[in-house]
Every structure is written in structure tokens, then in C-alpha cells.
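Since the structure comes first, as C-alpha cells, the remarks are kept for the end.
As written, the chains take the letters A, B, C and D, and residue 1 is the first residue of each chain.
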Amino acid sequence: MTDYGDLSALLVNCSIKADSAGSHTQRLIDRAAGIMRDEGVAVDTLYALDHRIAFGMEEDLGDTFGFTDEWPSIQDKIMAADILVLGSPIWLGVMSSVAALVIERMYAYSGHTNDKGQYLYYGKTAGCIVTGNEDGVKAVSRDVLYAMQHIGYTIPPQADCGWIGEIGPGASYGDPGEDGARPVGYESEFTNKNTTFMVWNLLHLARMLKDAGGIPAVGNTRAHWREVTNAADQTIEPVG
Amino acid sequence: MTDYGDLSALLVNCSIKADSAGSHTQRLIDRAAGIMRDEGVAVDTLYALDHRIAFGMEEDLGDTFGFTDEWPSIQDKIMAADILVLGSPIWLGVMSSVAALVIERMYAYSGHTNDKGQYLYYGKTAGCIVTGNEDGVKAVSRDVLYAMQHIGYTIPPQADCGWIGEIGPGASYGDPGEDGARPVGYESEFTNKNTTFMVWNLLHLARMLKDAGGIPAVGNTRAHWREVTNAADQTIEPVG
Amino acid sequence: MTDYGDLSALLVNCSIKADSAGSHTQRLIDRAAGIMRDEGVAVDTLYALDHRIAFGMEEDLGDTFGFTDEWPSIQDKIMAADILVLGSPIWLGVMSSVAALVIERMYAYSGHTNDKGQYLYYGKTAGCIVTGNEDGVKAVSRDVLYAMQHIGYTIPPQADCGWIGEIGPGASYGDPGEDGARPVGYESEFTNKNTTFMVWNLLHLARMLKDAGGIPAVGNTRAHWREVTNAADQTIEPVG
Amino acid sequence: MTDYGDLSALLVNCSIKADSAGSHTQRLIDRAAGIMRDEGVAVDTLYALDHRIAFGMEEDLGDTFGFTDEWPSIQDKIMAADILVLGSPIWLGVMSSVAALVIERMYAYSGHTNDKGQYLYYGKTAGCIVTGNEDGVKAVSRDVLYAMQHIGYTIPPQADCGWIGEIGPGASYGDPGEDGARPVGYESEFTNKNTTFMVWNLLHLARMLKDAGGIPAVGNTRAHWREVTNAADQTIEPVG
């Protein structure tokens, strides 16, 4: 049996609801977090709107907006975690404003490098959880996972999962079932399977990356990429 | 020095030009392929439109469309490669029809499993190369990389690269420079750096995955995911 | 009662199935076409894969690919129609390769101008129909409608409609219902309402545009935009 | 000469910068606003982050987040305007969190109907302005314009415009030019032309819609769509 006891994970809920109790996305986040906890991972979950997060492509906005920007402490948690999972609802087919805000603030740190000289998020893995009652799981995951790999995360296979109902308004994930039925979506074989796959693949890649001491610092550092085999040194004929 | 001599890579150009000689995207593909070759990887490149590829969510369309579907031999090459890179031009801000076609045909095989019971593309890594003269590198990469991770590929950090000029019509990547200047885009520090990062990260992850014998087959097979810690077995309170 | 008898519409099915009989998207296309016919519009439907369409950003590829490019006759139908509706299935969350191909070929003509000097598709309206059994109606519509407005079409309110089932594999639109139930999706209030709204809004805007003789040719022609109030002539302070 | 003196427009800047003075997007917004003003339109511009806007799919969040939600007064301005233009920067290839927030709050009102029984935003036109220094004008416009048409706006032809430089970091729109050159992007024929086209097409459609008293309320109201020719009443054979 592989031991995951030294791994840590952070799952961030980017719901736009002020009260986390009403978040449907949280139910699927909890499902994913539960697997990780059962496997011994140190799991932390965070509800973004429980914090005052300022807007801006800055690391710390301080009191710019009349409140104390709480992002820096969230960033600390993100940096401490081997695995990051962003959860987002779907509104008009795209990720929530809160998810966009979280990604912007993470991006503001992307100029920093780790002790190997790589971008800060190298050596970590990321996944995405999406719920809604209409349409857009793939569209949201696409935007979230793209952003994560762009700033340095490794994306394992099938790193997203979610639930939506038949097109149109209706019940959301985790709403009480009608006539004593199980809560909406809880029995979805597709959602449960994909959530399981996502979590295990995050664990597998995180294990692999941690054991390897991260990704080798060859060809992927701003300071030294020209010193190894590189794209600039290739001789390529022009068109025509 | 790490040896990459046992790795293989396939770079597929999804240009919509009938004649590959005029493909700008090919120039950046060649740049990425060159790095891999210099590092000893067995590299193959393929120009999709040199082949007759049928439409359909099928493995082999045979003579359905009045010509012999050549996809199955392309699929063989894809399955033989540890690393897959799709190159696409940008048209109206999205990937080319040929790129969409290639992805559809790969998807048609996604029901198959490897000898561990995982989806077919597990244990491989994928990246994306995009050129255009206007706008859309990230949009195209997003769609391509999402599809690749969805069917089983691992996406390393910064797995996309590309070139576009200032907004509006103008020269494309690899067009001869004006007044004796170097071909368009060839001196782009940003493009050369990102291409280098992409290739090395593909190599690093491919090395890691090959040495590990792929991704462990725990929690990610259709047949056995319910037998390990999984999402269905979590006890989650409904909303409200 | 408004008379729509002088309006014409073309609905193009961009399914990737060789045999149109199996197209689920066609069922929803037929529903939209039916409304238009009932209102006296001259309606034509076209199944793209019944034609041999070449790849390329060209108006007529001739025999480049070893068959006669049939696009030019399709383009004639598009130009003859006041209303264009593109129908697409969803594969991996995006529009089909055939839809991308159709859009590319339309785009190849966008350099032409109408007799007012505007881009060719000015004065026409466009909509989008999407079906799948999983997820992505909005993502597909977004790409299709964006492309249409970009090349000159006017997009009325709520110009897209579609059907998908609950997340995961399952029955598709128009599949026979179980136990004698109505075909899948046919009773969807949401889909029927949105399809109705789309069609009527296409009719309303097409009526308005036709009665007005199209969009006035002021400020939107390549030849004369600098002669009217324009963006280049504004005096704007730089940043900082 | 057509008179636009009775038309009103609102241009909303969704920059994530606390200080509007540094917004590059504002420069292009001002260019578009200038054309409208020159044509007699009553133009208002609004910098979203000058206001405290709460998160949530609600019309008025009151003091939920410890500050007074200022959205309702912004909504009043949106409802008073015949033309709405959203301006957004690009971050990681997508629209800003502030743009997503603005769209969410507008969406929260979409259940309301106008005095004809249509969704609230019917009869109005919308456009989109995007700037960045890298890539993503089309991707951002696609998401913004899709949302606008989905909630009821009419999208005229070529309703988006923007500016980006050659791929990679660099100067942004409106930055002072080097060596006494004009500010960055101000001379872009492409950007100036597209901005002009966008504004004039917004004017043309707004004029047309206002003169017609909006879009006829036939086939597009929740209360009465089943009483006219509609999708539910079509007889469509099932598949197979």
C-alpha cells in the first residue's frame, strides 16, 4: 500500500453564495476531500467568500479597498499544499467571478520562482470540481485547468469532475431528493466515478512528484533555459 | 545526464492548408521536434492533411465516405508515442477543423483500456503548439489540452507555446523578415522560452511516467474503482 | 399579422455522422425549421456531410484534395438566405469538426463586400442549435455565435437552443422513449421554449433588417469609415 | 443625417486595477465613447471598481458582506441605457473577475420581464471592448457577447474590438510610445477600424430597435409562447 500521509491538499470553494451552508458545489468538494482524508492526506478546505479578497494583479493589496486584503494568508495555504482543487459553480456557462478572482491572485505571484528557479507552482498537481443545474462543466474545467497548468501545476489525467442535471432549471447537486429519494446527484455513477478518478490521479501524480523532489530543473527556468538544448538554437527554414 | 533515448514523440500538424510547405505552424513544430531529437527522443511528425481522414465517432470508417479512411494507421502512431504534441493554427479564435477532427477520432478510442484497465492514453504526456497572426493562442491551447487530459494524457506545467503578432492582419510565424531581418517570430524570446519549457516538461513527465511503468492502476479503472476508497462511499449531508 | 413570406432560411446540420438518419441534432433542427415553415418562410435544410467539402481558407478548392470541392454551391445557399442556423453536436465539450469546417469556409469569403461596401454577411441574422447527451450547449453556441457576429451576422436575443441530459452517458435527443414514453427531450419545456424564442427572434430581426434594406452603410465599410466620426480621430490621453 | 440624440449608452470598465487612472482598457473605451458623444448620444461611463459590488446571484445583497451593495444603482444605469458596452482586460486568456461579477449581477435580474412580457434586456444592444498585452481578445469577447445575447441583448455585426501586442509581455494599449512615438496601439488601423465598426453598428441597431418600439412580443414571452407557432407543437419523428 502506498502511503499518502505526507501529502497535503487544499480544496477551495469559489461559490458566489455568501453563506457556505447553501453551496451545492461544497457537497462534491466534500466527497473528494473525504477520499483524500481516508487515504491519510492532510486536507484543508477553504470557502473563498469567508474571506475578504481584494481585486488586482498584486500580491497584497493591503487596505487599498477599505478592508484588509486577506489573500496573502490564502496564498500561504496554497503554497503549503501539494494538491490544489478549485471548485466552482457555473453561471452563464463559465466559472464564477470568485474563481476568476482566485486565479488572478494566484497569477500575481507567478513571477516568483521556487528554490530551483522554476515558477512557484511547479511540482504540485491541480484538479477542478464543478456543479450547476444546467450546462458547462467542461467549459469551466477547461478554463480552470488551463490556468493551473499555465502557472506551473501538473494536470493528471481526468482531473475534473462535476454534476449537472438535464438542461434547464431544476434541482442542484445535493438538494434533498423528492419522495424520500437520495439527494440529487449523489447516486450518479458518472459523477462518483469521475470524482474518484480525479482524486486518485491527483494522489498518484502528487506522490510521484514528491518522491522525485519535484520536476527536474532543466530547460524550465528563466535563468538557464538558453544553456540547454532549446528552441532558439534550432535552425528552421522560413516559409516560402 | 538523463537519457531520453527510449522515449518517442509524435507531433501532429493540424493545419488546414493542403500543401504542408506553406504551414507556419510547422516551423514552430519543427523547433520543438528539434529539441527532442537533440535529446535523443525518437521523433515523428505527421501532417494530418497528407492523409484522408474520415469524419465520425468511429475507430475505422473504412470506405464510408468513398475513400479509405487512413485514421487507423495514425492512431497506431499515436499509441506508439510517449509524447503527443498537437499543432494548430487559429481561425476565428479557435482551433482548426482538422484539429477538432483529430481529437474526435482519438476520442472514439477512449472506451478501450490499456493492460492495467485504465483508459488508453494513460501514462502519456501531451502538449500544444499554436500559431496565427492575430489572436487566440490560449483559447486554442485550452481546448486542446483539456481534451487531452480528459482522455487520459498527463499535462505537464506550461505545456503550450505559440506565436501571434500584434492584433490585426500581418506576417505569420516563419514568414521571411523584411529588409533582411530574421524570419518573423524566430527571435521572439517569449515564444522560444515557452517552446523550450514545454518540450522539457514533456520530457520530464514522460521520463517519470515511463520509469514508473505508467500511472498506478488504483482508483482509476472502470472495473475496480468501487473497490478502493471512492466518492460513492462518502457520507455527505444534503443541502438545507 | 406580420408576413414572413419573403424571408428565406437555411439550417445547416454539422453532425459528424455519415448517415443523416441517425442525427439527433436533426430532430431539433426540424423543430426550428417547422416553426419557420408554418410562418411562411422559405426554408432549406442542408446536411453538411452529404457534401464533399474541402479544407482550407479558400473560396473554392477545386480538385485540390482529389475530389471536387462542393463548398461553392453551399456558399450560394448561405448567401441566398436571410437567416442562417448552424446545428452542431457536442464532442468533448466543443463544436464538431464539421461545424468548424463550415465556419472556416464561410470565413474565407469574408473579404468580399456587399453592394454597400459592407462585409458580405451584413443584414442577415444567425442562430445556433446544439444537442448532446452530456454537457456543452453554451460552450458550442458561444463559439458559433461569436464567429457569426464576427463575420457580419446580427445575433438576436436568445439565439441559441439545445438539449442535453443529466451529466454522463445516456439517451440523446429524439431517441425513442422507454416504456412508451415520448422520445427523449421532446417534452422539455426549456428546450421547446428556447427553440421557439430563438426562431421568433430570428424572424423579428430578419424582418426588421429586410424592411430597412439591411444595416445602414455608415461607419462600417472598409472604404469609407475614416470619413465619418471614427475611433482614429478621437483625442485620448496616454496612460501615466 | 440620422439623429441619435435620443439614444443613451453606458460603457462599463471591468478593470481589476483599484485606480482607474492606470486602466489601459479605459483608453479604448474612451475612444468608443467619443464617437458616440460626437453623434449626440447621451454617454455615461462607469468604472466598476469605483463601486462596492457584492457577490451573489441576487438583485440587492444589502449589507450581507459588511458593506452596502452598490449594485442596484448600477443596474438602474444599465436599464436606462439603450446601448451597453462592457470593457475588460485579459488575464490568463479570459475576462476579468470584475467582468464576471458584473455579468452575474445582471443575470440575477433576468427573471424580470419588461412591459411586453419579454426578458428585461430585450430591445437593447451590446458590445465588448478588450485590451491586454498578450492574447485573448476573441476569447473574452466571446464569453461577454454570449452572455449579453443570452439575457436579451441584440448583438450587431462586429460588436467587439480590442488591442493586444505581439505575443509575450510588453507595452499595453495607451502606454506612452518610445522615442516620442504615439502611444502604443493608438495608430493601429485594425483596432481603430474595428472600434468604429462596433460603435456604428451599435448605433444602427439601437436606432432600428428604438424606432420599432423594441422587438415584437410574439413568440418570445414566457407567458404566451405556446399560443403562437412553437417548437412544442411540431411533429418530429424519433431517431431510428
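Definition applied: contacts are C-beta pairs under 8 Å (C-beta built on N, C-alpha and C of every residue); 3 or more make two chains touch, one makes a residue touch a chain.
Model, not experiment: these values are computed from the prediction.
Distance from the centre of chain D peaks at B, each centre being the average of the chain's Cα atoms.
Should one ask which of C-D and B-C has more C-beta pairs in contact, the pair is C-D.
Centre-to-centre, using mean CA coordinates, chain A is 35 Å away from chain C.
The distance from the centre of chain C to the centre of chain D, with each centre set as the mean of the Cα atoms, comes to 22 Å. Centre to centre, using the average C-alpha position, chain B and chain C are separated by 29 Å.
The set of chain A residues that touch two or more partner chains comprises 92-93, 138, 142-143, 146, 150-151, 189, 191. The part of chain A that touches chain C in the complex is made up of residues 92-93, 135-139, 142, 162-169, 188-191.
Taken together, the chain A residues at the contact with chain B in this complex read 2, 21-24, 27, 30-32, 34-35, 38-39, 119, 121-122, 138, 141-143, 145-146, 149-161, 172, 174-177, 183, 186, 189, 191-193, 195-197, 199-201, 203-205, 208-209, 212, 215-216, 218-220, 222, 225, 228-232, 234-240.
Touching chain B in their complex are the following residues of chain C: 16-18, 49, 54-57, 61, 64-67, 91-98, 100-101, 103-104, 107, 143, 146-147, 150-151.
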